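Chain IDs A, B, C, D, E and F follow the sequence of writing; residue 1 opens each chain.
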Amino acid sequence: MKRIEAIIRPNKTDNLIDKLEAIGISGLNITEIKGYGSQKGHSETYRGVTYRIRLRKKIKVEIIVEYTEVDQIVAAIKEAVRTGEVGDGKIFVSDVENAIRIRTGEEGTAAL
Amino acid sequence: MKRIEAIIRPNKTDNLIDKLEAIGISGLNITEIKGYGSQKGHSETYRGVTYRIRLRKKIKVEIIVEYTEVDQIVAAIKEAVRTGEVGDGKIFVSDVENAIRIRTGEEGTAAL
Amino acid sequence: MKRIEAIIRPNKTDNLIDKLEAIGISGLNITEIKGYGSQKGHSETYRGVTYRIRLRKKIKVEIIVEYTEVDQIVAAIKEAVRTGEVGDGKIFVSDVENAIRIRTGEEGTAAL
Amino acid sequence: MSSRVIKSKFMQTILMTLTLVGLFSGLALAQDGQAAANAVAIDTIWTLIAAFLVFFMQAGFAMVEAGFTRAKNAGNIIMKNMMDFASGSLVFWAVGFAFMFGSGNSFIGSTGYFLQDAFANLGLDIPIAAFFIFQTVFAATAATIVSGAMAERTNFSGYLAYSVVITAFIYPVVGHWIWGGGWLAEMGLVDFAGSTVVHSVGGWAALAGAIVLGPRIGKYNEDGSANALPGHNLLMAALGVFILWFGWFGFNPGSTVAGTDLSIASIAVTTNLAAAAGAVMAMIVSWIKYGKADVSMTLNGALAGLVGITAGTAAVGNLSAVIIGGLAGIIVIYAVEFFDKLQIDDPVGAVSVHGVCGAFGTIAVGFFATEGGLLFGGGISLLITQIIGVAAVFVWAFGLGFALFKVIDAVIGLRVSEEDEIEGLDYSEHGADSYPDFMVNVKAEN
Amino acid sequence: MSSRVIKSKFMQTILMTLTLVGLFSGLALAQDGQAAANAVAIDTIWTLIAAFLVFFMQAGFAMVEAGFTRAKNAGNIIMKNMMDFASGSLVFWAVGFAFMFGSGNSFIGSTGYFLQDAFANLGLDIPIAAFFIFQTVFAATAATIVSGAMAERTNFSGYLAYSVVITAFIYPVVGHWIWGGGWLAEMGLVDFAGSTVVHSVGGWAALAGAIVLGPRIGKYNEDGSANALPGHNLLMAALGVFILWFGWFGFNPGSTVAGTDLSIASIAVTTNLAAAAGAVMAMIVSWIKYGKADVSMTLNGALAGLVGITAGTAAVGNLSAVIIGGLAGIIVIYAVEFFDKLQIDDPVGAVSVHGVCGAFGTIAVGFFATEGGLLFGGGISLLITQIIGVAAVFVWAFGLGFALFKVIDAVIGLRVSEEDEIEGLDYSEHGADSYPDFMVNVKAEN
Amino acid sequence: MSSRVIKSKFMQTILMTLTLVGLFSGLALAQDGQAAANAVAIDTIWTLIAAFLVFFMQAGFAMVEAGFTRAKNAGNIIMKNMMDFASGSLVFWAVGFAFMFGSGNSFIGSTGYFLQDAFANLGLDIPIAAFFIFQTVFAATAATIVSGAMAERTNFSGYLAYSVVITAFIYPVVGHWIWGGGWLAEMGLVDFAGSTVVHSVGGWAALAGAIVLGPRIGKYNEDGSANALPGHNLLMAALGVFILWFGWFGFNPGSTVAGTDLSIASIAVTTNLAAAAGAVMAMIVSWIKYGKADVSMTLNGALAGLVGITAGTAAVGNLSAVIIGGLAGIIVIYAVEFFDKLQIDDPVGAVSVHGVCGAFGTIAVGFFATEGGLLFGGGISLLITQIIGVAAVFVWAFGLGFALFKVIDAVIGLRVSEEDEIEGLDYSEHGADSYPDFMVNVKAEN
């Protein structure tokens, strides 16, 4: 099994879920994070003091899938969230050993 | 070392920590996430517009442990959070290469 | 590629980012989590009922890097956030198979 | 000079004098007319402004209750507070005011439904409409108190049903007893602005509601100990307390329904001193008991002082006000703990603040009243009257409230399902999320 | 007795009588003076206190608008509400008040810029300053209504420009027509506290603004259906509604600008009953339509009832007030849906609440006025006048508003860039973050 | 006719006339009585309502301070604001009022502790209780100002100790000097509603507190530059400003303590114009300086305008009010930057708003007063008096405040530990979490 993590722009979340729903993804998780990268932050002012915000709000979408599905999903993500501007984000793929569905106790692919 | 991630119902968090405390877990992390799965979302209405919330609030509990402890912990999680209804969640197990305790610099199992 | 996750005290976040910026890290992610560990929680009182908070607020900093950079970064983290008191946190290192930059489609090290 | 001439002169003079006096009196009356009309206008604007301030207490109650409960129920709390006032305004107009102030017997009034009566029996100079709006906002206060004690688990329809009945009947009847010329008024009960009429009625009905409902999921452990279910926004709760304190300056001084009655000034002073003393003592006692100055208890202490002084605000001196307020601030802490021990779950402390401190304040008048109070040589009779009043109102409000909630429970269902309670009433009752943009902790830490 | 003596005596008596009467009258006048001065003082404090309450409605509008929109724009909403009042206060002082109440023709006034005039034409007993401050807060209300409909996408400079023009010109002209002795006043239009003058003017300008701006990104789908962009804080929105309701007790009863006019009491009652009925009916209808009692619609319903009764608050009976308020509470729901169907995006429902219900309330006077209303045998003439007034004000406020927004769009730019809108106006317009400590959902769930 | 008869007739007539005049006068006096009583009632309700509005400013201060600081200290801020009012109410009753208004010398009063005196020296018509409650809420305002400058790092016990002393002594003494017939009153200082008495006293004590405490952790860098520690809730801060503005209509017009004094109307107008001008100018200047219209500075600008006009509100014309308010709105921005450069950390700008603009406003009277002001041909003497007053009060309030804070620091400890400050005062001082349901950013971004 593989873990696909996509760091994306928040306003693309809906697009992405629509797309993944369309290709029949059975489950995923969303986490709110702050990202540091080539996309620079911006400056705010508060009571006469200007300060730089170097982190940007990002969404991490995490999906555990059969390794055979990775390519299709990665392609779908790219399609759904790409704008071509700096800050579009990354996809990371890593290994997962096992998955267990708590409700039924099923393990492995059956648990997804 | 292994990473055990349990995606659970928020209202089971306490139960789970109690249980893990009881079996002597030394540490864990809690993250608030939103999950998409077979458990469907629900509909809300705002000013005459009804909209579907397809994500559910979930808690991710993450524990890094010696690989020998995995089975016991997985069993404990199942016991603590299972209701038998759709949406109970999943457990994912994956590999961790090394752990370092910042305070002491200890590495590996000693760092947990 | 490796994933370095550092669980640190929230008030050390700035220090850490400064440090990592200084050694030329190209990107990272920040997540707010709650941690359970040897550092005990504290007690609060509300309307005559005292209750124990056993989780502490922590920050998880996650960086995906070339495996050759791991040691330097781990050392930098230790330097930036260590106080020597219980609760300084942990660093976990694990494997990542691939990284993709959504904007360009670049893969592997080039995507970082 | 002939006597006739003298007589004539005398007559003339008398006549003229009489004429002049008559003329003068006529003008004087006209005069009197403008000054008297001014006096009525002064009384009217005073009563109205006080009514507006008391109306604003609705916002205070809503903020306190919402602040002291969890984010997932905030929308439901808004709805309860908004609707008990809105529906209460309508039913109090329809029947409540007639039951309370209509002519009738010593138990209940029975004329003037829909305000279709001059209410001459009240002998008011100000327009009946001014008195009516003032009484409307009072009635709504009694109703809204209950909301807090029943927060986070009550079926919205059931709450609406209850709220209509308390404003239409339970409260007006007590009001008639004490303010409408009923049997307690005849006994000489002193409850100037409603420690008992308003606050205790609300508080005891709240007690009945909390008992019938049972505690929130997770509030009490199997060993009987209580868990904290911390309120989600102390700042809003504090804002609510400030608003209530502000509104109380309408509640107490306004209860003269006369701005020409200069005791409004000393009433404002006793009100403020009691609230201050309540807050200070609650802070001190909580500090001693829990090791730290407790925010929510201090806020409750201020309210306790206000409720406590409400009965005697026009009857006691400043020092007595400080003592009454201070004692109320202490009592409220022990009352909160007491009900927790009985596993009666009252999320905002409504029973302790309004029921217990309302009763305390009413009885305290028997001790502290400068006229008739035991401590000022007035003997024990006032005290006995006060105690009778408190007891009678407890029996009525708690008893009727209990019966009502049982009936509602059987007919409509008083409590939401366990699943809905966990999910939060905002979603289950209103399909809403009060804070969709904010990350809300899915599980309070513990 | 000689006739001379008698005459003399008679003369004497007459003289003395006259003297006394004179003396008496003099004193009586002095007397009269104090009572009359008191009456003026009563009217003055009433007007001022009402003005303060209406001022406080600014806070209510800010909280409602902020609560009903997203967290990323809260700071911008604060700024708009603060600045339309602040700049409005200045321009209304400079020219608006003169346009509205100065002597002039039946279209516009033209004396008394910068309050440099006695405004004898108004025939006021109270100081002109009292009347002026009361009118200032009214003018600012009209301006601030627009802010809600244009929320979350308007360029701040553009908004400022608009807000100056409405307070300086668009509103005062309508005010002159109806309250300043203009042509609609001459026709006998009844708009006691401004359903049309204030609320409709604001509402129709808001409509123009919402149309010129276009909907927020993501509000409507390609198939024409609407998405919910839920407001970020229902508790603050509810607080805002309570504040507005509170302030309305200054808005309506205060519009007598006389505390000696005892109709202030019945005005307070009709105001409250209409608001209550509006909230109740909106709750019921939303419950039926959407399956659950909708929080935001119920809040809007209370406001709709208030706006609806504002024209007729002094002219209709209590039952009529309940009916008008209740109908407004129903109408507002259908109006919100109607504008959504037209894809006119009004985040807080300002057009529906203030424009539509303001017009409805004004026309309702033609039916329900106890004097002159169709239903009370007054014939159709008042109704026709009311309809003419509503139509004329629509043409003026919508027309001028539309033109103005088009000009601003061309010159300054009315809408922020897409990127700025997504990022939020707090950052793009003010470099700020209203809630830096809280985790804010980066994407509302859907 | 004999002269005797004539005499007799004459006597009779005279007698009758006198009788009648006496009768008339008696009645007239009775009459006079009602009108005079009405006048007292008008003054009393005006004073009370103003006092209630000023009381409500406590909520405003609490919201502004909480909004402008971080979430982890919100509960502590509530407690400070609640307790300085509560304990202040008690000590001002006990001694403060006697020091301020009791008979005494030109430095301090010394009769009427616990209000045990008729205070005939004040020559009031209204009940002393009315005057007392009005003064109580003023005293509490001075105290609460300090809280903001010392936010986020002050030991709660230390704060309580300070707050008792300022209300019991520091403030009443200045009050005596200026309003209690003391030496500055004798010199003819004009400080109508307290730019100096209330605001500068609070502001200079705040300055002392901020200096003794030192800056918050992380506020200043080693190179002397400042970091932003953004307030956690701009919406609450804005609500607070609206509440303060609202309350100021009690603060300034109420300071006539007479509703029959019709200058209340023009006072309300100057108050509002100055606030408006302050907000507008602060917005403009911040826009120019920082490139964007700054929310928190604009909010401060409105308050600066209000503080600035408070001294001269009854003495200056409308245009002068606009100028004073506008200048205050500019000054406050430079003052905030100035103190930041000195590394005096004042989280909410209390020193700049209340201290600096209070002093500015007092001096401005010397220029702008229509009677006695330099610009209106009144010569320089008033200006000199004003400057002397400002200087004397600075020395007193800053000096005594500084000494007091040093003593508290030595005895109780004025500042919490570094660990507690990082954790937040809600936990360390009160064992509480103000927002347990919300995810709170554990580190503000930067």
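Brief remarks on what is shown
We adopt the following convention: contacts are C-beta pairs under 8 Å (C-beta built on N, C-alpha and C of every residue); 3 or more make two chains touch, one makes a residue touch a chain.
Source: prediction; values computed, not measured.
Common neighbours of subunit B and subunit F, listed by label, are A, C, D, E. Across C-F and A-C, it is A-C that has more C-beta pairs touching.
Subunit A and subunit E have Cα centroids separated by 49 Å.
Put simply, the C-alpha centre of subunit E and that of subunit F have 31 angstrom between them. Averaged C-alpha coordinates give centres for subunit A and subunit F that are 54 Å from one another.
Residues of subunit A in contact with at least two other chains: 31-32, 34, 44-46, 50, 54-55, 58, 94-95. Within subunit E, the positions touching two or more other chains are listed as 5, 9, 13, 16, 20, 24, 28, 31, 35, 38, 42, 45, 49, 230-231, 233, 239, 290-292, 294, 296, 431-433, 435, 438-439, 441, 445-446.
Applying the touch criterion to all chain pairs gives A-B, A-C, A-E, A-F, B-C, B-D, B-E, C-D, C-F, D-E, D-F, E-F.
Across the complex, subunit D meets subunit B through its residues 422, 427, 431-433, 439, 441-443, 446. Taken in their complex, subunit A has these residues touching subunit C: 2, 6-8, 31-38, 54-55, 58, 60, 74, 77-78, 81-95. The touching residues of subunit A, when paired with subunit F in their complex, are 34, 44-55.
If you check the complex, the residues on subunit A that touch subunit B are 3, 17, 21, 25-31, 64, 94-103, 105, 111-112.
Subunit D makes touch with subunit F in their complex at residues 1, 5, 9, 13, 16-17, 20-21, 24-25, 28, 31-32, 35-36, 38-39, 42, 45-46, 49, 53, 70-72, 230-235, 238-239, 241-243, 245-246, 249-250, 253, 259-260, 262, 264-266, 268-269, 272-273, 275-277, 279-280, 283, 290-296, 298-299, 302, 318-319, 322, 435, 438-441, 444-445.
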